[in-house]
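Each chain gets a letter, A, B, C and D, in the order it is written, and its residues are counted from 1.
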Amino acid sequence: MFSLPSSTLRLGISSLRARARRGATDPRRMQRVADTCRRLLSERGEANSIAIAAHLQRELLALPPEQLVGFFELLEQQFGPDPEEVLQAAQRYAEAPTAEHLIRLTTAAEPPRQELLRRLNRAPGGTAAIVALRRVLLTLLPKRPDLAAVEADFQHLLSSWFNAGFLQMEQMDWRSPAELLERIIEHEAVHEIAGWTDLRRRLQPDRRCFAFFHPQLPGEPLIFVEVALVPDMPGAIGPLIDPASPPLAPRHFKVATFYSISNCQPGLKGVSLGNFLIKRVAEHLHRELPQLRTFCTLSPIPGFTAWLRQPHDWASGAAKPRLRERLQRADAALRERFGAELTGMPGDFTPDAAPPELRDAIELLAHYYLAHESVTPRGDPVARFHLGNGARLERINWAADTGRKGLKQSLGLMVNYLYDLGEVEERHDRFVHGEVVCSKRIAQRL
Amino acid sequence: MFSLPSSTLRLGISSLRARARRGATDPRRMQRVADTCRRLLSERGEANSIAIAAHLQRELLALPPEQLVGFFELLEQQFGPDPEEVLQAAQRYAEAPTAEHLIRLTTAAEPPRQELLRRLNRAPGGTAAIVALRRVLLTLLPKRPDLAAVEADFQHLLSSWFNAGFLQMEQMDWRSPAELLERIIEHEAVHEIAGWTDLRRRLQPDRRCFAFFHPQLPGEPLIFVEVALVPDMPGAIGPLIDPASPPLAPRHFKVATFYSISNCQPGLKGVSLGNFLIKRVAEHLHRELPQLRTFCTLSPIPGFTAWLRQPHDWASGAAKPRLRERLQRADAALRERFGAELTGMPGDFTPDAAPPELRDAIELLAHYYLAHESVTPRGDPVARFHLGNGARLERINWAADTGRKGLKQSLGLMVNYLYDLGEVEERHDRFVHGEVVCSKRIAQRL
Amino acid sequence: MFSLPSSTLRLGISSLRARARRGATDPRRMQRVADTCRRLLSERGEANSIAIAAHLQRELLALPPEQLVGFFELLEQQFGPDPEEVLQAAQRYAEAPTAEHLIRLTTAAEPPRQELLRRLNRAPGGTAAIVALRRVLLTLLPKRPDLAAVEADFQHLLSSWFNAGFLQMEQMDWRSPAELLERIIEHEAVHEIAGWTDLRRRLQPDRRCFAFFHPQLPGEPLIFVEVALVPDMPGAIGPLIDPASPPLAPRHFKVATFYSISNCQPGLKGVSLGNFLIKRVAEHLHRELPQLRTFCTLSPIPGFTAWLRQPHDWASGAAKPRLRERLQRADAALRERFGAELTGMPGDFTPDAAPPELRDAIELLAHYYLAHESVTPRGDPVARFHLGNGARLERINWAADTGRKGLKQSLGLMVNYLYDLGEVEERHDRFVHGEVVCSKRIAQRL
Amino acid sequence: MFSLPSSTLRLGISSLRARARRGATDPRRMQRVADTCRRLLSERGEANSIAIAAHLQRELLALPPEQLVGFFELLEQQFGPDPEEVLQAAQRYAEAPTAEHLIRLTTAAEPPRQELLRRLNRAPGGTAAIVALRRVLLTLLPKRPDLAAVEADFQHLLSSWFNAGFLQMEQMDWRSPAELLERIIEHEAVHEIAGWTDLRRRLQPDRRCFAFFHPQLPGEPLIFVEVALVPDMPGAIGPLIDPASPPLAPRHFKVATFYSISNCQPGLKGVSLGNFLIKRVAEHLHRELPQLRTFCTLSPIPGFTAWLRQPHDWASGAAKPRLRERLQRADAALRERFGAELTGMPGDFTPDAAPPELRDAIELLAHYYLAHESVTPRGDPVARFHLGNGARLERINWAADTGRKGLKQSLGLMVNYLYDLGEVEERHDRFVHGEVVCSKRIAQRL
């Protein structure tokens, strides 16, 4: 399942299942895994853990996925801290917070499975194996909340190891290995890449693609971002990804637009990568192309229509009375067009043919959704990501993505978030404290 | 002080001091450092920590070393866990060891300075900075035991990051960059390299040199080992490092002898490196040269004469009566030759001219020292290292190192430890449980 | 036209023509080119030729293709040897063949344009420019036989510079740069590559692709060969290039089959490349995969049906009377099936449904064509290439390529040539002296 | 002798001789070499020459050097053009200069040994072998003028293959492989490098070292140049090569001074390398460091004292009467100081202590030697090299090299030649036509 990084990481649950069917289930296997874990963590394992770690890796590989649950249960039940010992250590530290007492406390409180995973990591392929294990664990978690602490340990270690300081940013272009480019095609999650011709256009000099790599997972992009270098802040996705568009001459590069960002490793969910990648790319482009004045995104609003359908009590709420009233009217206009439950949305809606009143209504609601709701968990996930990174809500674009998915998610709207490298720290801070920083244009609309 | 990896890591205390004299001491600096630390650890720091981390790095760089103590005190006093909070969390976890309670406990018990260092690591040069900081901290520790818990956190993080799985082994030869080879000359700690001609001989095909590197410290060897490929297990160091010796033809390579291992990074003291390097090199050579039958060391016994001078109560002790008696007689013979307090040791001692009785006495005591004392903290550090790695005590060699240092440390004795890759795990285990595994030849001498 | 290797080399005549239409024709341009050529060849040019060469390159680039003819005429008329001077030098040398006379003769007889081209080569991009110029020259040659000596000089120099000793063989696989793989798709001349999926299959571990590169044309494959590793000598092309076929496990690799070889540089026509590539690949695979027993081709017979249609006087000829008679009968059978002039060939011919007599007739004629005609200029060009390289005519395969092109060229027949590295020298020699070395099986059919 | 490039090229005559003594002389060897040469050149060799070429290489390697002469004689006697055939071809071409006749003539006139060497070059190590052979041939030439035409063929081919377009310029610094740097120490011919510490200083950021490499001789520098980046045109060599001098900050780099240029390959004598290297380096530095205003040399005058000792008829000669008179007086002053035959030169001469009249006399003669004699074969070889490259004679420096060699060659004088990239072509041209371009300062002194 996870012996070799490349094949491992790509294995999905379905393939694990298929393998499980082939391999016979053996009740003694789990016992052997438990023994090997104990051996790896013993003093005996300290000096020789590479051999034992490699052995454990092979055993876990041979385990059918049904029994992998058993492995996580084992970690949960037998490799957690001893409550008695921690309590004693905590009491002593509370009485006298000396270095000695603190070291004992820290040691007692750290779940032994963390050290177990660190030792598993010593064998070749260890990091890939741990990422693959966490991928499986995350799929189990919704039904097994008792494994949350085990999962927290995986995330804790992977966050430390995939620390931004250890990641290498690399540009990918038409000279990159085909194998690598194939992964880009496969993982592009925002605006699908239709094939090699489509990809080729996205790697021309006025389009850029950057990815993070980790030294332990060579050839495996962790996350990648696609950038369009354009003369003006773009208001629609079509021209950016049109394979037939002619490349722009460098002297016209004024705006760097991040138009797609995709994670490649489900096993690294929750590890901060995108935030660091965007900023590192922006700095890199800023140095390479001093003529760039603006760094922004062209982003979808994936949660908009779903949020519209939720019950809203426009009468109450944080908004000022005048705004509340306008929102109510806008909501009513939508229900008139798309049915009381908005079930007819998007239906045959075409932004270009929408009457001005409807357009006004939709835009108002979108402005409110992004500028007010983003500070709450109900907010749009993409908005929360960029605003949380310190970006500014810049402009909402009508008829920006008129494909099926775009209409379904957001009635064709897209949004620009602006990254101003000198301001991101302060804006992030304001967002953390409940404020969405907007452009003047947007502030005036609300 | 630690902005750039290469220059940083080499900076010794003296240079820090020199810099301190130049820079004016500024009482407000420490306050600014404390503020930056807090900012880096705040929510605000989460999204922007690279800029803040780089800022903190620069501030620490500008700190005169006297004030670096202040930084470690700051970590100790303001970035440790809250005793009250840990105690509460431990009590709850003791009452009900649920995932939720455990996550809270683990979070509460981990000193916040660990996360602070992880964030500091995000900026370019962060890892080098942390290694350099620990180097300073280790020099302070003997007089400041209160900083032990801070030091433990540094070691904890560096052990996780310099995990064997993240290290890259590379062979160094005459085609390596001169810059790198210069570091080898500089750091060789066991058998000094006199210059480039001397080094050149140690990089011929029958001599090998391997080092560990970390992706974050490119061009910086962490530790390196030198190997001689010879026809027989060597009994003296002279021929192995003789720059004038003719290279041996590959068909005569039968024994790989590790004759020197040197750490290059004082800031990584206590992080397991040597153990893994020896085994990785042994495996590598085993694959490259299947004709190799034996992997052993030719090692110094740095603690021998110092141990001889310690008071010994030969009459009691673990040894059998017959052995006790022989040790007493041997001890007496030494004191006859070198004075009652052994103050005349080594004096003008020349192993080749020693009378047989004296040689027998010295060898017996050396066998006892290595085969019995190694399991105790009084034991020889080199012996404890190799035996703890699972090596076997194989042979003691008379007149093996007749240089000044060799005579002074061990009256010219050296020792071979045997690495049998199939046995190291079990032998390590026996050593942990108090047994030194010896060759038959040595067992018979005791 | 040829400033940058990559773009240059790909430029076809049509694009040159298009450019010509855009650029105005300027009668003084040719004069300037002539002046620059003279300056480059003068003593003044000796020390500074890089600047002058770059200048000449730019001037040639700006020339419309119509005027390129003018450049070749210039080379022909003004940069050939002086007949008078050569005659004198030859006379002196004939009278007294001393070193001095010989040096004078060699110098006088070498066309000065050779040195001119050598100097043109000194500027960056020079080699690419010369290859591109020759490409144009070769297209002019059929109508301009007076330029043959100029062409001979180009070939002479390029043969020296693209000497096998200067070529680098590289394997191409799925990790190669996409840009390079795109060239493979583009240049595959034997069995078209339908797209990236098709290509991907041809780069799996049981299919190999090797190319020659020259240090001066980085990223530009000169020629490449595709190899299938299979259990038995293949009798049909279909399975070898089927994108859906499962890769074969290495333990079954017994036969390396060269199934396609394609030149990428028309400007290098006549420079020996393929011969050296096949042998270098065979040696490489022989070392990498000692289990390979057989190196052979699966080759088309592009000239077969065209040869059949030529008038044959079967009654006379080198063949023995019995064979002549059989050939006559076979020829008659064909004409019965496909019309007296064979104009109905291939028509609706399907090898699998052919009556045994027809199959016998076609196979006999193919055997004769390959085994007898190959030593004459009438012979099949692919046969002459492989037999001239020292391969053996091994087996003719019925219904081996039933695609349109295969049926049209050779009624679906393909042929295996066998490369036995220990025998190629002798077999080449026999071929040069008029003998086609055949397998027993083939010899018996004739 | 020349199987492997690296070892081969370094082999001197002495080592060849030593080997010869060991290997028995075998009269049949030469016959075998002759046979192999013929086979390599035959049609049989055309398709298989790599194997035959490798065979010939091994045979030549096994030849004792005494018999290598035999190989060159073989080339001279049996692989030259046929006088009869050339004469006929020349006559036909003179009668009718058609393409066909010219091709026949060119083919007939080219010595077949050229093609033989091209084929020898096809085997691995071929280029290195040919360079090594020419090295031996050059040592034989003074006593064997009959081999001059053979030598001319070697030079012709090597000039074509080591064409500036095929050479790669690389900077060497402290990160270069030690093996490569060792070659620099070994080959520095102008200002000896005393060891690694000395070398290290010459590779600091204000000192540069660039070399030419050929793809076929990897790791073998062909020629290298050392450059000092300084604030002013330097007047003495001492400070430039002082290992203890502190490196200069880049903002003070104003003048790039070429202070040493050394050939590494005696077998490439007469192949233009230095000229191209200096210009390529100057362009490279000009791009990297736009603040550089001046590119010049600090050069020795190796022929000065030897020229002074030659008989001079000052009374006649090209110089104007006034100058002739001054030269005569200066000459007399020297003979007064150093004896009538100048046998006492340099003796205990110390430039710093020289009386002004003597200094004036020496400087005048030096100016005349460089500014007038350089256009004749009697001129200084270094002056002729730089002036022939298009440099300007800029300044003569008193007490510039007061080491033993400097005093002996030129009484401590050195000279700056100025490279003005925009002028080199025209200046070269003027030099070719008999004019030395001087600075105003120098012109005024004469």
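Methods note: contacts are C-beta pairs under 8 Å (C-beta built on N, C-alpha and C of every residue); 3 or more make two chains touch, one makes a residue touch a chain.
Predicted, not measured: the structure shown is a model, and the values here were computed from it.
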*Could you name all chains that are in contact with chain A and with chain B at the same time?*
none
*Furthest chain, CA centroid comparison against chain A*: D
*Just give me the whole-number Å value for how far the CA centre of chain A lies from that of chain D.*
63
*Length of the line joining the C-alpha centres of chain C and chain D, rounded to whole Å*: 41
*When the C-alpha atoms of chain A and chain C are each averaged to a single point, how far apart are the two points in Å?*
53
*asked:* If I count partner chains per residue in chain A, which residues reach a count of at least 2?
replied: none
*Give the pairs of chains that touch; include all such pairs.*
A-B, A-C, B-D, C-D
*Parts of chain B lying in touch with chain D, wherever the complex brings them together*: 174-179, 181-182, 195-196, 200
*In the complex with chain B, residue positions of chain A that touch it*: 43-44, 46-52, 76, 80-81, 83-84, 86-87, 89-91, 93-94, 97-100, 102-103, 105-106, 108-111, 118, 121-124, 126-127, 145-150, 152-153, 156-157, 159-161, 163-166, 168, 215-216, 272, 275-276, 279, 388-390, 424-425, 428-429, 432
